[in-house]
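One structure is given below, represented as structure tokens, and several questions about it will come after.
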Amino acid sequence: MASSGLSTSTFPVLVASLREHAPLVHCLTNSVVQEITANVLLAAGASPVMADSPLEVEEFASKADGILINSGTPTRDSLDAMRTAIATANASNKPWVLDPVGIGAARFRTEFLYSLLDSHPTAIRGNASEIRALAGEDVVGKGVDSLHDVPGAFNAAHLLAERTGGVVAVSGPVDLIVSPSRSSWLTSGSGLLQRVVGTGCALGGLTAAYLSIPGANAHSAVIAAHAHVGAAGQIAARKTMSPGSFRVAWLDALYEVCPDMVHDLVNVEDTQ
Amino acid sequence: MASSGLSTSTFPVLVASLREHAPLVHCLTNSVVQEITANVLLAAGASPVMADSPLEVEEFASKADGILINSGTPTRDSLDAMRTAIATANASNKPWVLDPVGIGAARFRTEFLYSLLDSHPTAIRGNASEIRALAGEDVVGKGVDSLHDVPGAFNAAHLLAERTGGVVAVSGPVDLIVSPSRSSWLTSGSGLLQRVVGTGCALGGLTAAYLSIPGANAHSAVIAAHAHVGAAGQIAARKTMSPGSFRVAWLDALYEVCPDMVHDLVNVEDTQ
Amino acid sequence: MASSGLSTSTFPVLVASLREHAPLVHCLTNSVVQEITANVLLAAGASPVMADSPLEVEEFASKADGILINSGTPTRDSLDAMRTAIATANASNKPWVLDPVGIGAARFRTEFLYSLLDSHPTAIRGNASEIRALAGEDVVGKGVDSLHDVPGAFNAAHLLAERTGGVVAVSGPVDLIVSPSRSSWLTSGSGLLQRVVGTGCALGGLTAAYLSIPGANAHSAVIAAHAHVGAAGQIAARKTMSPGSFRVAWLDALYEVCPDMVHDLVNVEDTQ
């Protein structure tokens, strides 16, 4: 059951809006998850473009409605392309989402990711370990999975929201979504999302899609992205408990789910 | 119901031939769709190889039966590899297919793609916007999806067929296949193919596979590739209307479909 | 029915151990199969990390429990990264697996792969053509598929096992697993595994996962990896005979299969 309030009353509207506007999302993401990210955007109602060469990125970014920056498999070229895409987004007030995959596990990406905080990402999305590392806490990741729980990232998320002025989302069994003046807890989804590679990375792309809906409130847009993914996860988990068929059912549910069903499958509570 | 005539009587034969010959297709394609392209070729009865380094491409191209050139995520290295693969193909009269993904959206790939027209691709496959842009019409793509309808690309397809001497295929709700002396309209498939990334790119690979069947007429081979993909799309659409399970059912149908079923599921009409 | 003996009595224990330890496997693999390799590791109970930049590889390799080296789409950068990962593994006695994809088809990768034999891979996994080429036999691959049968690679596998001191696995309808002092034949799986790209490459990653279980005997660990994959293939083949749905059912079965079921679905026989 969903609680009442602004967030729950607006995200079904946003889910419907996404399909109406079909925003073009330019994804500069890691090589492992390009395909599922594109398929999630297509299933949810958006349109993906994944061109990531520094030679082309400005032209593609200037045509996109929103941009995803994901640091999963960085190279010198890909970081150059990301910097150009961010500058292009900021020059035209387009939303861009930062997904700091693997921060803390290697210096090269960590230094790059810290440097982006001054470029004011519209939203940051990561697991608890990544959000804490991005906020400067001394946590060291082993790989790309979280070693910390979501509530433990509350202070880090607030610090990042205040520093960047953007929305910060911490993904986990319960998602935490923090803006400078608002915090929401979102309950939905399925633990099987952790057994399919790229579900979190694709959520980053979908967050950029929701943020690019004309007139959308940024905090509500980030909630809507997480609600859409989580509701689809709940629907899929009713059909199967194994990861191969869960991945298929989840993509189906992203496409099928009605805005009102999303509302019924997700619980959102605001604190403060 | 299929109309009578050469094209419809020969493509079931070609579908059977593909499985018999299992041609090796060397795919120089974009990073988003490498996996689905390989899986489509395997399901349909061909054999894929995706080695794309300039250091190796000549050796792999010289062993392949057909070659795919797809410009979805170009880099300086990948374009070098593509030029070498094309030269290798032309030196030994092997078929190669050009899929000008995203032409018009960025100068780097656009100039490269224009330069390939003098290398005489055996076939060109794209959506209506891409075919019109490749023919020099002033259409500007936003991303990689078509903004134009297939009949509107008729003149552009003819111009490209005459200039290159090859077959030009325009993919859409109805496919148009044009040779210097023949035009065919093919009706089949499902709109859900647009909601799964890489189905068009994989069709480019399958077109190269069909063109490499010994003794195949080029125009008929391009029809057979589109008929195989479209018939599988129709079979899949009877099982599901959602993109995750459609992708799975489509791969199954590419493998299962009998040549005679393809004939019954596809309508081909020649004009001129 | 499984035969008795050490190998069959220990691999169910190892399948259970894998899920308990959830080893982190650092995969330096080809661009076509990154996603399925990660999904196979997640489904089987391990944890993948795919960061492959030379700038980061030492840090990720030093945190991993096992490492996969797969030569499917080599570049100068990726080979540099592989050399660093191997040195990191050897410096701390971590297991690493060599999958010599496409050896013999191009000089660049062939010379690189020969040079790795002196670095003592913990295990080598390939098809019969690849194992014979790596052993120096004059076999030339057309692409990445095997042109030879498994028994014909028996001598080559022995030669490589003696030269490297490691375990050598030859994949095919029957798998051959050779150590300097022991040879095992494993019967399981389904021919449909050949119609899905990346199943063999993912098996390489899973082999690294099994080898990193604390206290595991290397020969038994390699058997366990092949048994896990083969048993899942048998389960999947009972549900479907087409490659799209087989891929899904196989991932499900990798996750679902009980250690005792693996034992019942696999036959292992030792010779010598």
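Per-chain numbering from 1; labels A, B and C assigned in written order.
The definition used in the following text is that contacts are C-beta pairs under 8 Å (C-beta built on N, C-alpha and C of every residue); 3 or more make two chains touch, one makes a residue touch a chain.
Protein names from UniProt, one per chain: A, B, C = Hydroxyethylthiazole kinase.
Everything numeric here is computed off the predicted structure, so don't read it as measured data.
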- Can you grab the rotation angle between chain A (Hydroxyethylthiazole kinase) and chain B (Hydroxyethylthiazole kinase)? Superpose on CA, round to the nearest 5°. 120
- Between chain C (Hydroxyethylthiazole kinase) and chain A (Hydroxyethylthiazole kinase), is it the same set of residue numbers doing the touching on each side, over half shared, or a different set? different
- Distance from the mean Cα position of chain C (Hydroxyethylthiazole kinase) to that of chain A (Hydroxyethylthiazole kinase), given in whole angstrom: 34
- Out of chain B (Hydroxyethylthiazole kinase), which residues touch more than one other chain, so two or more? 31, 35, 247-248
- Query: If you look only at chain A (Hydroxyethylthiazole kinase), which of its residues touch chain B (Hydroxyethylthiazole kinase) in the complex?
  - Reply: 24, 26, 31, 34-35, 38-39, 42-43, 47-53, 55-56, 59-60, 63-64, 77, 247-256
- Okay, in this complex, where on chain B (Hydroxyethylthiazole kinase) does chain A (Hydroxyethylthiazole kinase) touch? 30-33, 35-36, 72-76, 102, 105-109, 142-145, 194-198, 240, 242-245, 247-248
